[in-house]
């Protein structure tokens, strides 16, 4: 199981213009865990994701997936293990039909066309849009686009899913559907979002980022209720945990569902 | 503004039509492409005073319209859209060519004959191109191009352009809406805003291209465009091509309307 | 302006297709040598950008009218000439297919007129020469303006020549040039203004984009020379092949006419004979048969050719009218029958 572990050690990244986007971050994410990464705009979330995926390379420190260090040479392996769902599905769905899009990854790994087909149909089935396989991406609704983007990553059969704002721009029903879908996955999940209610619902553990540094990490149920911490990081306590706006009564907080065996101390 | 909405509507309509499943839609894309090319060549190969022998070529679009169950109106509307341009060039014919002749007791100027010939050719060629895309779709066409050994790089780039037209058009529509709401009674974009308005969009476009590139790399893209296998060409597909090509050849060699006309008038006599 | 299928002859269309395909193949080879796969999505998305930007009306100061962006020059300035040419080619392909702008046969002409002159003449010989001294707002303005005007003038002249060589329309050379060039001077000025405004903005905001494009790809005199010689060779060969094909084909046509004429000499004065003789006179009635015309046109260049116009008897012309009407009626009937049958089938299935 150790190869599903994702470890970040002393990570530093400075943009060419001198902006220190990531400053000495270290954390470890274990097999089957679901971890939320939250922080205000410009805190360094996107840069961190790019470093995890090997789109950017750190100035100092390292990213280790399983036992493999992320370097230029190991990229093909890393990218098979890690699948990333972009914030804007339009960036991810660049082919003319949903089918071709979901098949893009497997075809690049030179799989047999029969196997490609199996994987595409399976991935589309999991996200529940098998009937849309011949559609053009621009004909899809926001929720369908999101599902297609997730399928395009699932067809690569990754162990770890990295998701950037998976619920952004969705209507409440579509948001629920995507959340239900994410909950059903057994992959290790890393989710960045401003949708703190979603993070509260889906992630056992949360890492809070502020100005390129880790401000706090720990159980979601402890981090998200800490109003002082949240406020200092440009965030706020999820609506579900705030006082009822009508009667002012404090809601009882349900512990988020615990899953996976290893919990970080 | 309405321009953009029309264009988007047009692309979506053709994309929808291409996903129908009629006998014509099921024919191999390459055969449809070749049929169209031969058809266009035959249409434009007729001289400038020919109208009669062009008429049998109407059979092709009519058959495709009917067999592929395509709506006639939106496609013909598009043809009318381009017509003014052709009329502009064609209308000069009657001005420059005054020679007249008599047809069934009516005096007709040769220039007008040339004008109508151009007009008919325009209608036929434009319709044929639209019918090709409405029965084949962009992905089918891309497959046909790859079979013709067009470099993958170009095909991929063509598909990407097609894919992002709707994304960028919507973006432009939003920008123009925002502009016009704050600049009432302006016909177009003022000169002061030319560079920044389109320039901002370019910068965003570059960023988007960067993200698309990242999305491609994360799924194993290394500069090579890998596609699935080709659809196999069946005997029926070949028969479709052969059938039409021989029909076009016959219309090219024999003047069919004249034959029918003579037969009728001759028999009547 | 886009050339339309209806205005060109197969020979002109074929030659221009071959020339365009040659330039495109050369460009693809050049890009592949660079091995910068980052440019592939960039070209795709920039193609869509040009497409969308063409929908923006840029109002021209002091005139009350507005202009549009063409795209060839700005693509060269931002991506480089080879990339710009290929992007223009895919934009024009999609326009021909989805918007009936231009046509599939005329695609070669259009890519050449709007892509080649901007990307391979105006960009390297004018724009780059001026810009080489270093970027500044004034230089960008001057370079874009001059390059856009010259690129469009050449393109417009291309349209004139292609139309004349095709001989589908009765426009004399003089008036046609007098009409096209000034219109495209105005279009070129707008193109230059818009291009320079955008390039200057991007240069100020993200200078690396522009500087990378123009200095990354070396486009020296040698490669231009190569392109032009290659083109000339392609044009001569295809022109020759097409003309040969055309002449062989028209011989075939004449042969079939002789055959019909031969039947006439059998002298059998009945209905069928009359039919055949009518066909024969009809073939004379419309002498400008197909492939033969372009061939003559090629030889005589832009000189307008007086076509023979023999007298027509009332009988044949009536037959022509009747036959034409019948043909159209049959086509319409066939279409309607298919629709009816299909509808009935659907109703039965439902």
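As written, the chains take the letters A, B and C, and residue 1 is the first residue of each chain.
The definition used in the following text is that contacts are C-beta pairs under 8 Å (C-beta built on N, C-alpha and C of every residue); 3 or more make two chains touch, one makes a residue touch a chain.
The model shown is predicted, which means the values in this text are computed figures rather than measured ones.
Student: Indicate which of the five shapes (line, ring, star, complete, other) describes how the chains touch one another.
Tutor: Shape of the chain contacts: a line, open at both ends.
Student: Which chain is in the middle, if each chain's centre is the mean of its C-alpha atoms?
Tutor: That would be chain B.
Student: Quick one: which pair of chains has the most contacts?
Tutor: Greatest count of contact pairs is found between chains B-C.
Student: When the centre of a chain is set as the mean of its C-alpha atoms, what distance in Å lies between chain A and chain B?
Tutor: 43
Student: Between chain A and chain C, what distance separates the C-alpha centroids? Give it in angstrom.
Tutor: Here the centre of chain C sits 49 Å away from the centre of chain A.
Student: How far is the middle of chain B from the middle of chain C, if each middle is the mean of its Cα atoms, in Å?
Tutor: Whole-Å distance between the two chain centres: 13.
Student: Give me the residue numbers in chain B that touch at least two other chains, ranges are fine.
Tutor: Correct list: 138, 159-160, 162-164, 167, 208, 212, 216, 221-222.
Student: Quick one: which residues in chain C touch 2 or more of the other chains?
Tutor: Where chain C meets two or more other chains at a single residue, that happens at 41, 44.
Student: If I count partner chains per residue in chain A, which residues reach a count of at least 2?
Tutor: 94
Student: Help me check something: in the complex, which residues belonging to chain B touch chain C?
Tutor: Contact set of chain B toward chain C: 3-4, 7, 10-11, 14, 36-37, 40-41, 43-53, 55-56, 58-59, 62-63, 65-67, 69, 78-79, 81-82, 85-86, 89-90, 92-93, 96-97, 99, 101-105, 110-111, 114, 117-119, 121-122, 125-126, 129-130, 132-133, 138, 141, 151, 153-154, 156-165, 167-169, 171-172, 176, 186-191, 194-203, 205-206, 208-210, 212-213, 216, 221-223, 252-267, 269.
Student: With touch defined as at the start, can you tell me which chain C residues reach chain B in the complex?
Tutor: 1-2, 4-10, 13, 24-25, 28, 31-32, 35, 37-38, 40-49, 51-53, 55-61, 64, 66, 69, 78, 86-87, 89-91, 93-94, 96-101, 103-105, 163, 167-172, 193-194, 197-198, 200-202, 205-206, 209, 252-253, 256, 271-272, 274-276, 278-279, 282-283, 286-291, 293, 307, 309, 311-312, 314-324, 326-328, 330-332, 334-336, 338-339, 342
Student: Note which residues of chain B are touching chain A in the complex, please.
Tutor: 12, 15-16, 19, 137-139, 142, 159-160, 162-164, 166-167, 208, 211-212, 214-222, 224, 226-229
Student: Sort out for me which residues of chain A touch chain B in the complex.
Tutor: Touch list, chain A to chain B: 50, 53, 55, 76, 79-80, 83-84, 86, 88, 90-97, 100, 103-105, 107-110, 113, 116, 134-139, 152-153, 156.
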